[in-house]
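Would you mind keeping the following structure in view while I ask a few things?
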Amino acid sequence: MSRTFLGMPGIPHGTGDLGGEEPFPRSAARHLADHQMRANLAGATGTIRAKRASVVSELPDWEQLRESGRAVKEATMARLDEHLVELERRVTERGGTVHWARDATEANRIVTDLVRATGAEEVVKVKSMATQEIGLNEALEEAGVTAWETDLAELIVQLGDDRPSHILVPAIHRNRAEIRRIFLETMPGVDPGLTDDPRQLAMAARAYLRQRFLRARVAVSGANFAVAETGTLAVVESEGNGRMCLTLPDTLITVMGIEKTVPTWRDLEVFLQTLPRSSTGERMNPYTSTWTGVTPGDGPREFHLVLLDNGRTAALADPTGRQALHCIRCSACLNVCPVYERTGGHAYGSVYPGPIGAVLSPQLTGVAANPSLPYASTLCGACYEVCPVAIDIPSILVELRNQQVESGRKPSAERAAFGAVAQLMSRPRLWRSAQRLTRLGRLLARGRATLPAALPPPLSRWTRTRDLPAPPRETFTERWARERGDRA
Amino acid sequence: MTVDGRGAGMRVSLFATCVVDTMAPRAAWATARLLERLGQSVTVPAGQTCCGQMHVNSGYRGQAVRVVANHVRAFEGADAVVAPSGSCVASIRHQQAMVARRAGDEGLARAAEELASRTYELSQFLVDVLGVEDVGASYPHRVTYHPACHGARVLGLGDRQLRLLRAVRGLELVELPGADQCCGFGGTFALKNADTSAAMLSDKLASIVSTRAEVCTAGDASCLMHIGGGLSRLRAATGTVHLAEILAATDDAKEAAT
Amino acid sequence: MSAREEILARVRAANGAARAAEPEVPRAYRRSDGRPPGHPELLDLLADRLVDYRATVHRCGPGTVAATVESALAEALGPDRAEVLAAPGLPEGWTPPGAGRDDGRPAVRLSGCGAAVTGTAVAVAQTGTLVLDAGPVCGRRALSLLPDVCVCVVRADQVVGGVPEALTRLDPLAPLTFVSGPSATSDIELERVEGVHGPRTLHVVLVESD
């Protein structure tokens, strides 16, 4: 019997900003028409690909680092329960409080209650995929709390009332001229003479956020890593907005997916080498902060760690797909993906776009809620090649497609067609007859080398932009049999 | 002739692949002729159909089992199997045993693994098994080369196909800008995500046209059908020719024309 | 069942057989650079990497640290100088005249200072990284964050080759800040721009032994 993974009973999937209503092919078609976005993305991903390649080639032991990173993550997942308990113990020992959230709703409630308890009406935020996934800003808004995004790209997205389109650079779909316009239209007190020089734009963000950092009483962050043996959290960033949030407010609330845990301090020596080179193409990002609980006299007096499941344990139960949990959110796979480069991140409908999003989102929500994402790839393998923890994304995509088929949700016509072709392909004599039938296409071609463009679906989806050659007069196996006398 | 004698006298079974057999028979014919010219004895097992890749990659792994079983049966006992496709060989080497194993057929999985270890993409067979880079071909044309993704990334062909092309007499090789970018074919992706596929193709076509090459070649007929379909729609001056046909071409015009 | 118990139960259920198959983690990457801390090549490499990040590097001997810090401050701040604060435990011999000590004022008030002067816990040559450990010599985290100019003093023997060697020298329980150049962003068209929320100017004084 076929052993297909169809979810483990009793482990619920996640909720939140993880999938759109619109199937990928349709939303992709819409975004493909945005030529400005495509030009912006092609420029930006081209820049970052070159930078990444250059700094990765500097390390003679890159492949060894990659293999160690993969193995650390695999080993972590195998005993994730123990590592989480250890992490909780260490954080608590050092004066922090650990909360557990089964899903997005529970995590939002925990954070909202914590903020309310401080009496604060606003929070400053460090860019965090986990809080985007659960829709924390919207939940806080409903509770009357304003969340200020402080990462430059997040700020651009927030001010522009836009959606993030990239894991690392959420405003990658915007160019400098568009960012200038957003700032001029939405940033109170901005210099009307602002140009589109990136340095000037960054300075405008500095001025805008400075007072917010200085008056903030509560900060919300994500985490790149949590070291179980010491209870140490780590945030990797560039601008210093992370340091502001982690250092200045009285209360720090960190929301972290449970898969961000690593067992030992030493494990960071791998990821602190592979993450910056893979993400921004730097030897090291400008700032990495680590902290363990509360340090008297330095930084927040209260620290809360919210450990988030939201479908991660459901993904963990899939023998093939669980490796998607190894992701360290570098976004190298987005930057090299030919599909992402053309459709942009919004087409994926999830806060996790690109190749990793196409495997992670359906696993967090269940494939039924995200049925088109596993097909949003040519399986070209560029993502796997650059992944710093060697996640075999193409194999997971294929596995998820199989789950989608096995779930019985595929159109019956497609299923019947594949079934019939498989029958033919397992009976060589029938297959030869079927091959001969394709020659009927020669009638349509009327002596031309290619078939007419006006063909019925699904062939029309090919011939809309590509010619289809007329089938040859004779297959190879027929000719071989004729000329060489082999039985064919 | 530059064959150094390694692997001479082997019985090579040619796996034409379903796409080449049906839609690009000249590539298989060229493969057979080339291998014979290099001293190999070529057979074409009659039971061959398909490796099962299309089913596996479209999610029909269960359906693929019988296709894999047929493939393994068809090539039973072959000394070496050679196919003019990086993609199909990648599937044979990296998917077939998994397909059988996931269906609980350990016997088929072992047989598939055993067969996979004797299965080669054409350039792998030429460079690694026969130890040849100059196959004695002549092809006096301006050519650009697209390294198809599965061959490059799954099989790790590296520059084998390029080395073979560089040794072809008269061939002017023009570098393809953005060569490592996927052409947008992706099997059923070309139909299921037709708009994205077309967007990728149009960039690939622009790169190809910019080389002003007469011919764009690759080691996979399916990608070439996609690229060639696009070039033909554009009425571009560049055509597509499978790598095997270039390597099989010699000064003997009559032979080259077949 | 509490959320904690439930999530842990889900993890155990999901792991099943995978739990027993916990793999060994290979560590075949370079764990040591091979050159001892402070090796002249490492100092050159560190300086090169820092300059690549648009930091300014000054090299001096142990007897001229304060003077070098002073000239770095003069270069960064110009003539009308705002308040300069040194980390509370910065050695006297590194502290230029006129610099005050961080007196533990509320962190946000550090924003009004012109420059901070700190020591360093470890420096990584390959990546151009200085690690500050929030001890007396490096000062609290806000000190190296809020003033717009930061001057960090690094002793040659603190300079190691790679990241693994640095981590073994650090106390994970201390709040650590890994600094690689001035603050920067790549958020606009993925082009790097130096200077956002953290100090826009970073000077590094590299103290070589005589």
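For clarity, chains are labelled A, B and C in written order, and residue numbers in each chain start from 1.
The rule is short, and it goes like this: a contact is a pair of C-beta atoms (placed from the backbone, for glycine too) under 8 Å apart; a residue touches a chain by one contact, two chains touch by 3 or more.
This is a predicted model, so every value here is computed, not measured.
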**For chain C, the least number of touch steps when starting out from chain B** = 2
**Prompt:** If every chain is reduced to the average of its C-alpha atoms, which one ends up farthest from chain C?
**Reply:** B
**Item:** Chain closest to the middle [Cα centroid of all protein chains]
**Value:** A
**Asked** Measuring from the mean C-alpha position of chain B to the mean C-alpha position of chain C, what distance in angstrom results?
**Response** 52
**Message:** I'd like the Å distance between the centres of chain A and chain B, where a centre is the mean of that chain's Cα atoms.
**Reply:** 32
**Prompt:** What whole-Å value do you get for the distance between chain A and chain C if each is reduced to the mean of its CA atoms?
**Reply:** 30
**Request:** Would you mind writing out the residues of chain A in touch with chain C in their complex?
**Result:** 8, 10-11, 40, 43-45, 47-48, 51, 60-61, 64-65, 67-68, 71-72, 74-75, 77-81, 84-85, 88, 94, 99-102, 106, 150-153, 156, 169, 171-172, 175-176, 179, 198-199, 201-203, 205-206, 209-210, 213-215, 227, 230, 232, 238-241, 243-244, 246-248, 258, 265-266, 268-270, 272-273, 276, 280, 282-292, 295, 297-299, 307, 309, 313-314, 316-317, 319, 322
**Message:** Touching residues of chain A toward chain B in the complex: what are they?
**Reply:** 1-4, 24-25, 28-29, 32, 38, 338-339, 342-343, 374-382, 384-385, 398, 401-406, 410, 415, 418-419, 421-428, 431, 435, 438, 449-450, 453, 458, 461-462, 464-469, 471-472, 474-477, 479-481, 484, 486-488
**Message:** Per the contact definition, I'd like the list of chain B residues that touch chain A in the complex.
**Reply:** 16, 18, 20-26, 28-29, 32, 43-44, 46-50, 52, 54-64, 66-67, 69-70, 74, 95, 102-104, 149-150, 153-154, 180-182, 184-203, 225-226, 228-230, 232-233
**Interfacial residue positions of chain C with respect to chain A in the complex** = 2-4, 6-8, 10-16, 18-19, 21-31, 49, 53, 104, 107-108, 111, 124, 126-129, 134, 140-142, 145, 162-164, 167-168, 172-193, 195-199
